[in-house]
Amino acid sequence: MNTDFQQVLDEINAAIRPHLGQDGKVAGYIPALARVPARQFGIALRTCDGYEAASGDSAVPFSTQSMSKLFSLTLAMKHLGDQLWERIGREPSGNPFNSLVQLENERGKPRNPFINAGAIAVADRLVTHGQAIDGLLSLISSLCGEAITIDAEVAQSEADTGFRNAALANFMKSFGSLDNDVAQVLHVYFNQCAIRMSCLQAARAAGFLCRDGRHPVTGDHVVSEALTRRINSLMLTCGTYDAAGEFAYRSGLPCKSCVGGGIVAVVPDKLTLCAWSPALDTTGNSLLGMKALEMFVGKTGLSVF
Amino acid sequence: MNTDFQQVLDEINAAIRPHLGQDGKVAGYIPALARVPARQFGIALRTCDGYEAASGDSAVPFSTQSMSKLFSLTLAMKHLGDQLWERIGREPSGNPFNSLVQLENERGKPRNPFINAGAIAVADRLVTHGQAIDGLLSLISSLCGEAITIDAEVAQSEADTGFRNAALANFMKSFGSLDNDVAQVLHVYFNQCAIRMSCLQAARAAGFLCRDGRHPVTGDHVVSEALTRRINSLMLTCGTYDAAGEFAYRSGLPCKSCVGGGIVAVVPDKLTLCAWSPALDTTGNSLLGMKALEMFVGKTGLSVF
Amino acid sequence: MNTDFQQVLDEINAAIRPHLGQDGKVAGYIPALARVPARQFGIALRTCDGYEAASGDSAVPFSTQSMSKLFSLTLAMKHLGDQLWERIGREPSGNPFNSLVQLENERGKPRNPFINAGAIAVADRLVTHGQAIDGLLSLISSLCGEAITIDAEVAQSEADTGFRNAALANFMKSFGSLDNDVAQVLHVYFNQCAIRMSCLQAARAAGFLCRDGRHPVTGDHVVSEALTRRINSLMLTCGTYDAAGEFAYRSGLPCKSCVGGGIVAVVPDKLTLCAWSPALDTTGNSLLGMKALEMFVGKTGLSVF
Amino acid sequence: MNTDFQQVLDEINAAIRPHLGQDGKVAGYIPALARVPARQFGIALRTCDGYEAASGDSAVPFSTQSMSKLFSLTLAMKHLGDQLWERIGREPSGNPFNSLVQLENERGKPRNPFINAGAIAVADRLVTHGQAIDGLLSLISSLCGEAITIDAEVAQSEADTGFRNAALANFMKSFGSLDNDVAQVLHVYFNQCAIRMSCLQAARAAGFLCRDGRHPVTGDHVVSEALTRRINSLMLTCGTYDAAGEFAYRSGLPCKSCVGGGIVAVVPDKLTLCAWSPALDTTGNSLLGMKALEMFVGKTGLSVF
């Protein structure tokens, strides 16, 4: 089956490459992201027993943006467990990822940890528990087995232009939903968005999610089996902005996407997978990354349903 | 493993019964539902290979209400395939099941087939394709292996008091989203809500969903394997009103609930399960039915994640 | 000053006519309205002491549509006084005239009597008090000094296509905000929308509003002085759909507009005025009718501010 | 008539005082406001020809808060004229004064200059035109005929707790609707909210609004006659948060209220009036201030309608 996965990824890469640069748009809200060439595609996976396969631009680092929310959530659940849900919901939002409407209607409680408001609230809890950006980098680096870093230029750009996120943070602060200073929380959030990883690194970093919460290298529990199931279920219902239903419908896998063009997916008890291509569809998800996941499920029959 | 399931259901029944009548509220919007005694609980399952287990009030028929949306969706997908999505979305709504707000914002296109507006739109498509209530009863009866009927008193009560649903239907009609007369479509919808089944019947009727779309008795495809996966993913993301995230988080199973107090769940490739208890929580889902599902997953480790 | 008014209206007519048919769009949602030629303009006024002036197509009858809401409100206030406000607000809506969003947020209580939902709620109260369509025609005919009638073809078209209004009525009924059958209330509402008047008739019918509530011919109180002030204030804040601020800003007069293209305005203690031209702007108000009112205020200095 | 006004205000004061401290709540969101004793009431007026009358606590300074929006709007209209409306609407909002929902739906354009978002946008334009807080104090002091100052403690408190306003400002900045730095604009806004005046000073400062825009002392035009009418119309439709309809209905006067408990009102061509009492109703308007205005209209018959 190992050989098959390499072949599957190569077939997908071969099928996708002719479409590079045709449709979708690279995220353009900060210069450092807008400069990323659209004509790139990579895909990589790592199975529960440590086999790895990769194809295309799978070693090119990209800005993980919202994908970092998966790891900040993991770190927060590790430290707070279900207490985390006092200030953050776990329902799909039905609104764009950066909407303030829901936050007003529900008095400052973000609908889930994967919309921006929710991730900012998670960052606040991490600050309170002395974790924040160092704890996050340390967790991800350990999961990847190598040092993961922040792109300082991207982090600065996020801070310079992050008015919408500043609005979300101040809005939550006005409801008493943040413990810490708005500036401090935003500093963590803007830095976590600037974490860089390649497809292969992302597939490795998410590895605990297909292993009932066990560290892909050490085998220790990163989070418990029960919490791992819950993270997977959150990815499936909320992991791809306002297109979670579409993703679940087409791929049937828990996923977390990002405007950097990456999508990391979990096949429980089997493998984790990351596809990456910078051009996004109108929902902010990678157009060809999504297509690649759908092809993977079609070719392997792996799906949770 | 057969014996185990019977034991598991008996244990769950024994654990649940002391809580009957303590919390939650029986749906009271029509007299025929309000009269149902709260102190009832049943649970039943049927495996892919035909083994059945049941405990408690598993043979007592209840009003399947929104659970019928699962079968009308199946019938519509069977006849229209993915063409069904021209007029209906497949994203979680983030609003109550009978909200008109989303419908106004998205110009008459319901967010998914499991909110009331979406089910009314599905009913409209069934009328257009000559299926409607007879086709639906015929499908469910075949799946159950016995004649399933409508509770005429409930259907009449739904019609007498269904002003909100009439608002939804007229609203969609104003956007040109319904083919047929509002009255005709509502007639179908109010009747399908009044279909009666017991837990065991519901577990049987849903049986095709754990068998890649194959009829639980004949083995013929009710819908294709691909469409079956998609129905399961819709149940997981949208099947329990505005608590889909909570359900996915706690049980990790595709479910469809109803204000009659039933919840039908799918463990792909393994079994279908129905728990029933009339008292509802504030989200309109059966309080003890949900508890029972969570216990089932805890005891058996069966979950899609 | 009498002579002046005739001259003012003639000047306005002369200035407006070259623009007929250039901009805006005739209401097209029912055939009987869509057929009305766009290239028409009329203007007429009647002073408190009975002097009348008119220019252009001031004798051509048009469908008064939402303008009828002014008279149904008057009739309801006459019969219920401030008790009317138990079920209807008096704040501007900030939403389109036929929006259901506000109604959902405020649990079935329309924001004011001049949006469709509010007028339907007023119609319901009139039915309860045995007034309805006969009472309304009788009031308007008396105010005009001649028989005012309903355009049966328009009334039928409204009923045939009024799904949005049916949605509003059913929605309010679902909140318990209507006393009477939805069909009965809508019958009144669709008929009142089909009342026909010319500019001159409308200026006469509204005459009590500049005379502290006194009937323009008999001098009897139609409504009290206090209630008259309140109707005028409602016209200013809510009388022109979602453009009330714009109207108040540009003309400074209490107005009630309609998709038939008429706008009736009040200069308290001085006169009532009606301008009519069928082409509407994007807010649903007569483009040249509004322009004419603005010119009238500019030329005469008459404004409440 | 001069004597009458003094008598009218004394009667109102006598009628209101027994109710002091009974209902409503003093604004408590910052300590400096929360400390203001509820049992105070003042009322003062100044006619077009310079006569003044006052009663009760009419010389006690209060925090003018949103009343300052009236003067920042005036200053902005003086400098920008109708160009001001490129970034700010002039329609009633139908939402609370500090809502972000409307701003999201209308892509960063505040509905009117009297909601917080609109006033922040006005402050931004003042900064761009080099006016800001000095220009504003200079205008108000000139109108009052004496130096008007800022309460530094209140300004600091506003800044320390103004997360909701920071959210509004950042949100508009994210839409490109502010020229200047968020911090700079908020500094102006928080300071303008802390301007202190007594009833009598406020009645004097607003004096140009009943004199077709002419300075109450010098007679020069502060703004043109046309712009003055427009400010008055904005006060009537939008000047009292989400209760503008209620105010227009009950008093029929253009008003601007504030959470400091003051309400300034205009009788065009006659007088300006300010009533003050710190306890607010649920809409954020002074409970007894509103009652006093209603009594004034009842006793004098002065109303625009």
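Labels A, B, C and D are assigned to the chains in the order they are written; within every chain, residues are numbered from 1.
The definition used in the following text is that contacts are C-beta pairs under 8 Å (C-beta built on N, C-alpha and C of every residue); 3 or more make two chains touch, one makes a residue touch a chain.
None of these values were measured; they are calculated from a predicted model.
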item: Length of the shortest touching-chain route, chain B through to chain D; value: 2
item: Greatest separation from chain C - chain, by CA centre; value: A
item: Interface copy of C-D among A-D, A-B or B-C, judged by whether over half of the contact pairs recur; value: A-B
item: Distance between chain centroids, defined by C-alpha means - chain A, chain B (Å); value: 32
item: Cα-centroid distance, chain B relative to chain C, in whole angstrom; value: 48
item: Numbers and ranges of chain C residues touching at least 2 other chains; value: none
item: Chain pairs in mutual contact under the definition given at the outset; value: A-B, A-D, B-C, C-D
item: Parts of chain B lying in touch with chain C, wherever the complex brings them together; value: 99-101, 103-105, 163-164, 166-168, 170-171, 173-174, 182
item: Chain B-touching residues of chain A, taken from the complex the two chains share; value: 89-95, 102, 111-112, 228-230, 232-234, 236-238, 242-246, 248-249, 252, 254, 268, 303-305
